[in-house]
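Below you'll find a set of structures to go through.
The following pair of complexes shares a single chain, chain A, combined with chain B in the former and chain C in the latter.
== the complex of A and B ==
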C-alpha cells in the first residue's frame, strides 16, 4: 500500500489479527478445516480492503498523506477495542489439528525446523511469486504500477485511480489475511497483538529489506527471524533485542534497505 | 469562418471558461469551437493559460465558471478518466510516461480502456517502426523525441476523437520537432481532430487549420493561418495592443522591435 499510494497503514497488524478472528469465526460456524478456511478469509479481507480503501482511506488520502497516518491509527484503535469487546482479551488459536503443527525435523543436530514453519515459508515464497507475476503481467498489475508512477497520466489513459487503489488495497488486505491466519496457527492471536507485535516486526522487515521491495521484505523477515532465534539462544530475553539490534545496524549501514528499488508493492 | 461551420456540428465547444489556480485567475472567459477534422492551435507566451485551458478540457482542472461541451454533450463536470474513455485524450506536457514501465507496457496502459477504432499497438509500431525492436525497454532510457513519440502512441491506442497535444516541441531539437509533426497527417487521416498548444509559433502556423492566441488568460487573436499576418500574431502574442482584447483589434505592427522588457510593460498595460 505504501509503494502504490504512499499510505503508511498503521492498522496493518490489526488487520492480520482481524483476519485471524474471521478465521476463528468461519471455522466455528462451518467446521471446515483450517487450511480450507484460508481462501475464504482472504476473499473476505480483500473485499473489506476494497471497501475500506474506497471509503475511509481514499477520503483521507485526498486530504493529504499525513491524514492517512492518523486515520489508520484510528482504525487500529477501533479494531483493537472492537475485538476486545466481541472476543474478550483472551488469546485464541487456530488449531491445525493432527501432528503437523508439532512435528519438526532437524538440520544437523542443533537446528530444529517445525514442518508448519517450513510450510508457511514456502507459502510465503509462493504468494510473493504470485504477487510479482500479477504485478508484472496482469492488466491490473500494470495499472497499479502505472498509477504508482503517475496518477494523473493514468487518468488521462482512462484509468480511475481510486478503483486501482481499491484493487491494490484488496491485494494488500488479502495478503495480510494469510499472515493473520498463519499467526493464529503458529501461536495464538489476541486483540492487541496487531500493534504490539505484528506491526512493529512488519515495519522492521520492510525497512531492513528496502521500502517497496517484495523480496526485500521477505529477506528482511528472514533476517529478523534468524536474529531473534540466535539472540534467544544466548538468553531468552535477548530475543526481541537481537531483532532490533539488526534493525538498527541496517539503518546505520544501509539505510535504503538491503534491496532497494525492487518491484513495487 | 463560414467554411468551418459547413463541416457540421462542432466536436468541442468551450464557452466563457474561467479557471483559477488558487487566487490566481488563469483563464478569464475563454471560448473556442473546434470542428471535426481541424488542427486547432493555441499559441501564446509562457503563462498565457494555454496549458491550463488544455488541462481543463481534459478534466484535470475544474473551471470556476463556463462550460465544455463535447460531441454535443456537456462534460464540464466529468472526471478526466471518463472524458478519456469518451474520446478526449491528452498528450500531457512533459510526456509524463510511466518510468517504471516498458515502452510496450506504456502503450498497453493507454489501450486498457480504449474505444473501438483503427489504432492499436501494432498500428503505432507501424507509425514509429523503431519502437518494435525496443518495446521491452524502459522509457526513462530513451531520448526526449522518442519519449514524445511513445506519449503520442499511448494516446493514439486509446482511439481518441479529440486529441489534445500539449507542447510537443518542449525541450526537443527543431529537427526532432519536425519529425514528430510529420506524422500529424496520418493521425488526421484516421479521423482524429487535433487541438494543440504550441509555443513555437512558426510550427503552429505550419500545421494549423485554425489558430487562437491567448495572453494572460484572454483571447487576443483568432483566425485561420491565411487570415492573420505576422505582425498581428506578434502583437497578439506579446500583448502590444489597444487593450480592447477584441478580435482583430487595430494592431500596430511591431517593426519597432520591442525589447522583452517593453513587451512585459506593454502586456501589463494591456491587461489591468
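== the complex of A and C ==
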C-alpha cells in the first residue's frame, strides 16, 4: 500500500485492531476454531478495504497527500474512539484452545519457543514471499506494478486504476487482518493498541530496514523485537523505550535504513 | 532627467499600487480589539462554569493556531504536538515544585518547550509528509515514556500542581482565564506577525515550489525549523495553562497531557475552520466548542463526529468554513498576502480574484 499508492495510512494499526475485534465477534457468533476464523476475517477486511479505498481514500488521494494524511488520521481517531465506545477500553484476547498452539519446545536448556510464535513467524515469511510472487507474476500483480510505475500510461493501456487501487487496498487490509488476528492470539487487543503499538512499531521497522525494502522491513522487525526483549531484561518498563531508542538511533546514524536502496537516496 | 526617463519608460506601472488587503484593515483591526476587550471583561459578568469552558476553548484555539502554522503554512503535518503540550505542563509543574509561581512558570514552559523542539527537529527534519507525521508520533510516545520514568515528578501517575493552594476558586478561574486569553492572543498575533515577515514570504515560496525556492537561495530548512520551534513553544504555553486549569499534571495516553486526542482536536478544529488561513482555527475552535458542549454527555462521540466532519470537509471543501466564506465575500481579517491593484481598480468594486496574491 505504501509503495503502490504512495499512501501513508495513519489508520493502518487501527485496522489490525478492527480485524482482531471482528475475529472476536465471528468466534462469539459461530463458535468456530480460532484458526478457521482467520480466513473469514481476512476476507471481510479485504472487502472493507476495497470499499473504503473506492469511496473515501480514493477521493482523498486525488486531492493531494495532505488531505490523505488528514483523512487517515481522522479515520484512526474515529476507529479508536468507536472501539472504545462499543467494546470498552478493556483488552481482550482470542482464546486459543488447541494444545498445539499453547505448547512450546526448548532449544538447549534456556530458550523456550512456543509453537504459536514459531508458526506466526513462518506464516509472516510465507505471506511476504507470497506477496512478492503475487506482485511479480500474477495478472493483478502486474497491473498493480504498472499503475504504481505510471498511472496515466497504465490507464491508456486500458487499466482502471481505481479498481487496481481497490485490489491493492484489499490485499493490504487482508494482510493487516492476519496481523491483527495474530496479535489477538499471542497477547490481547485493546482499542488504543492500533497506534500505541502496531502503527508506530510497523513504521519503526520500515525505517530501520530501509524505506521500500520488503526484506529490510522483516529485518527491522526482528531488530526491534530483539531490542525490546533486551530492554525488558533490564527493567520491564524499558521494553517499549528500547524499541524507540533503536529507531531514533537509526534515524540519526543511518537515516536511509540498514538495507539501503543505494543510488535512490 | 533620469527620473523622467524611468517614468516614461514604464508608463503602465504608474497607476499600480500594492497593499496588504483589498479592503481596509482598520475596521477588522478595530473589531479584533473590541472582541479582545469584551473577552477580557468576561470573568466579571460570566459564571465560573462559562469561564472554565472558555479556558478550554482558548487552549484549543492556541493549539489549533500552532497546528495551522505547521500544517497549513509549512506543510509539516505533525501528529506529535502532544509532546510539547505535555512538556509545557511539566515545565510549569517542575518550577512550581521549587517554589516558583505557576504564572511565571508559563513563561518558562513556553521557552523550554521551544528549546526542546530544537534537538527533536534534528531527528525528523529529513522526513516529509507521511513519514514526518508518524515520526513525530513516535517522538511524542518516546518523550512520554521518558517522562514517565522520572519518579520525582510523579512517574506514570502524575502529580498535583503546588503553589496555588491559597487561591479563592473564583479568582483562580478568572486568573487562569486571563492567562489562557493572553496565551491565545499572543499565539494568533505571533503567527500573524511571523507570516507577514520575511519568513511568511519564504514559507509561501516553499509551498508553491520548494525546488525553485531552494535554487533561489531561500533557506528552506531554517524557515521550517523556526516554524517547528514556534509551534512547540505555543503548544508548551497551552500545556502550561492546561496544568494550571486542571491543578495537576497527568501523563499517559488516555486522557493525559500526552494523549494524541490533543493533536486530533487541534487538527480537526483547524481543518473544519479552514487550514492555511489565520481565521480558520478561530472559526474551527468555535465549531469545536459548540459540538463538544452539545455532545459531551456521549463521551468520546464528539471526537468521532468531529473526525467525520473533518474528513468530509477535507475531501469536499478543502479550504474549510473560513475558506468558503473568503471565496464568496473576499474577507480577510488578518491579511498576510499582497494585493496588486490593477490600473483604475478601486476598493469595493468587482472582485478580481486573479489579482489577489496568496
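Just so it is clear, the second predicted complex is superposed on the first by the 251 of 265 C-alpha atoms of A that agree within 3 Å, B and C clash if a C-alpha of one lies under 4 Å from a C-alpha of the other, contacts with A are read in each partner's own complex, and residues count from 1 in each chain.
Here is the rule we go by: a contact is a pair of C-beta atoms (placed from the backbone, for glycine too) under 8 Å apart; a residue touches a chain by one contact, two chains touch by 3 or more.
Being a predicted model, the structure only gives us computed values, none of them experimental.
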item: Combined model on chain A: chain C and chain B, fit or clash; value: fit
item: First (chain B), second (chain C), both or neither touched by A:159; value: first
item: If touched residues of chain A are counted for chain B and for chain C, the larger one; value: C
item: First, second, both or neither for A:74, with chain B first and chain C second; value: second
item: Contacts of A:247 with chain B and chain C, given as first, second, both or neither; value: second
item: Touching partner for A:224 - first (chain B), second (chain C), both, neither; value: neither
item: Contacts of A:179 with chain B and chain C, given as first, second, both or neither; value: neither
item: For chain A as apex, the angle formed with chain B and chain C - C-alpha centres, to the nearest 10 degrees; value: 80
item: Which of chain B and chain C A:8 touches, first, second, both or neither; value: second
item: Which superposed partner A:168 touches (first chain B, second chain C, both, neither); value: neither
item: Which superposed partner A:199 touches (first chain B, second chain C, both, neither); value: second
item: Lowest inter-chain C-alpha distance for chain C and chain B in the superposed arrangement, angstrom; value: 10
item: Doubly contacted chain A residues - partners chain C and chain B; value: none
item: Contact set on chain A toward chain B in their complex; value: 139, 142-143, 145-146, 148-150, 152-161, 264
item: Sites on chain B touched by chain A in the complex; value: 58-60, 79-81, 84-85, 89-90, 92, 96-101, 105-106, 108-110, 112-114, 154-155, 158
item: Interface residues, chain C side, partner chain A - complex; value: 71, 75, 77, 79, 122-124, 126, 129-131, 133-135, 137-139, 141-142, 145-146, 148-149, 253-254, 260-261, 264, 267-268, 271, 275, 299-301, 303-304, 307-308, 310-311, 314-315, 318
item: Complex contacts: residues of chain A adjacent to chain C; value: 7-8, 10, 56, 59-60, 63, 65-71, 73-75, 77-78, 81-82, 84-85, 89, 192, 195-196, 199-200, 203-204, 207, 211, 237, 240-241, 244-245, 247-248, 251-252, 255
